[in-house]
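Worksheet: the structure to be examined is printed underneath.
Per-chain numbering from 1; labels A, B, C and D assigned in written order.
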Amino acid sequence: MSIRIFVTGGTFDKEYNELTGSLAFEDTHLPEMLRLGRCRVDVSVRTLMMIDSLEMTDADRALIVEQCRQAPESRILITHGTDTMVETAAALAAALAPESRQTIVLTGAMIPYAFGSSDGLFNLGSALSFVQALAPGVYIAMNGRCFEWNRVRKNPETGVFEAI
Amino acid sequence: MSIRIFVTGGTFDKEYNELTGSLAFEDTHLPEMLRLGRCRVDVSVRTLMMIDSLEMTDADRALIVEQCRQAPESRILITHGTDTMVETAAALAAALAPESRQTIVLTGAMIPYAFGSSDGLFNLGSALSFVQALAPGVYIAMNGRCFEWNRVRKNPETGVFEAI
Amino acid sequence: MSIRIFVTGGTFDKEYNELTGSLAFEDTHLPEMLRLGRCRVDVSVRTLMMIDSLEMTDADRALIVEQCRQAPESRILITHGTDTMVETAAALAAALAPESRQTIVLTGAMIPYAFGSSDGLFNLGSALSFVQALAPGVYIAMNGRCFEWNRVRKNPETGVFEAI
Amino acid sequence: MSIRIFVTGGTFDKEYNELTGSLAFEDTHLPEMLRLGRCRVDVSVRTLMMIDSLEMTDADRALIVEQCRQAPESRILITHGTDTMVETAAALAAALAPESRQTIVLTGAMIPYAFGSSDGLFNLGSALSFVQALAPGVYIAMNGRCFEWNRVRKNPETGVFEAI
């Protein structure tokens, strides 16, 4: 089974820029995280963009949708900022044909991977497993849980993804 | 959905003892790992033993089987040393009634969690997801993959779990 | 020998706030760092402020000077943001009486301690050692080196402290 | 100022071998640690041996002494297992000519650097600073403190270096 991973940025991949003292994006940490997890699943990683999900435009979402549509893989994992992850999931669900045989799982992190205390590796292991095991559809995997795209929201006060 | 986690030791939980300069077991790191992963799944953790799986006896395996049988949860995750994980999975499969409605996933780590470079958090996220998504049966989840208990072996040369 | 540690904030103590996705100050990590270093030196830690050194005012500097003057210890370590560390060192040198018997060492970090890849622990071990070994005066300890307060600048392009 | 670093192994450099599940030596972590500490001191690192200090023989100690004697640098840092660090310090002190102009500092770690919770980076920063600041002689730097070679012992119960 081959899995496509699309990287879009988000907290997952934020870095500390030591010259400016602020957070910024450089390269994705996905390959390093897969190595650390000793991942033996056949994956191919492609970076689509490297942005904070609050800055994601409709055009960005259209690009993600198009890339999923064109992907030969039936199982796709998308790393994404948590703030608008639900919106992108909805855009994917709206655009995919009802007869689509693709399982798409979006995931992210609350703490950048570059920090020692990140939840990213746990979420990556989780999302990679759900995408292998679940039926076609669009899902969000966070905190060890997996939600259908239209049954979840990010609680703005607690930052936690919860069922609706 | 409530998940039972049984801890049996293994590399997952090995610690460096600074007085003796050797590896040893103290308390399990599972609760800390679940916190780091910001896990929001309803789990209850119970330590059954804290041993290297090379030292696991038939009596130890009988105990694990019995605890699974008595668990009210239909989804069970077992952390286990990798060297004899396949044997314990076989013992579980042999003992569980054919009509059992339990999904049991065994997982472990190649590097202790206490080391910065551990694969443990990735494997925990993975196993916790497979145990939620898979049909009843006994499985081994390692390196992002999940195997049925009788279709896997640990390659003694490479240390990697592979399909047979 | 007893050493006073004054905490003023800086990159050392920056944290990632997962609700806002930005960097912020909470409590100092100094006690945790001393524990990790298994430090056996007799120190007493006091937080004077928790700010980015670009926001440090003359009043803030006057407070630091006054606290050093009043400290009974003859050896003082100050954690400080790197951007204006040299200015604070100059303020201290100007204010201390020529006959002062105090050795004061300022140090900081380029990467927050909360990040896995921080230089903070190395710099703390270094500064704590220089403050024990050096004659009275005001110094800056960064990157394993120690400079007299009036013979150093932070190179704005490279972020490195260098002799002038 | 140029500093020579001799690596002899010890807990500093112990690794977890995932095939055997035991601790072993591979390459030294010193260069990586110096990079992490953003060390800007001019150092040259040379590995003399890679052993547990309990296995250090008289011949090994003679080699260390000889290498120090031949080193053109007047400041030398030695990484060493903690169990027999005091013995090697004594051997160095006995062998160096009274008129030697060398400052030699031995240091080590209680927890391997490869573990997330190592005291190694703190000790390295400390030893590298003491070796720059102290007068000629042989010293042991551990836990932020520095001892003359003949005024220290490792307490076998607590594992802590203490003055005698």
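Basically, contacts are C-beta pairs under 8 Å (C-beta built on N, C-alpha and C of every residue); 3 or more make two chains touch, one makes a residue touch a chain.
What you are looking at is a predicted structure, and each value in this text was computed from that prediction instead of being measured.
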### Message
Strictly by the touch rule at the top, which chains does chain A share as contacts with chain C?
### Response
none
#### Entry: Chains contacting each of chain B and chain C, listed by label
A, D
### Message
As a test of understanding: of all chains, whose mean C-alpha position lies farthest from that of chain C?
### Response
B
### Query
CA centre of chain A versus CA centre of chain D: separation in Å?
45
### Centroid spacing, where centroids are CA-atom means, of chain B and chain D in whole angstrom
39
### Query
So what's the Cα centroid distance for chain A and chain B, whole Å?
26
### For chain B, residues that touch 2 or more chains besides their own
110, 116-117
### Query
Tell me, which pairs of chains are in touch?
A-B, A-C, B-D, C-D
### Query
What residues of chain A sit close enough to touch chain C in their complex?
11, 14, 16, 18-19, 21-23, 52, 83, 110-112, 114-117, 159
### Message
Residue numbers of chain B touching chain A in their complex, please.
### Response
33-34, 36-41, 110, 116-119, 121-130, 132-134, 141-146, 160-161
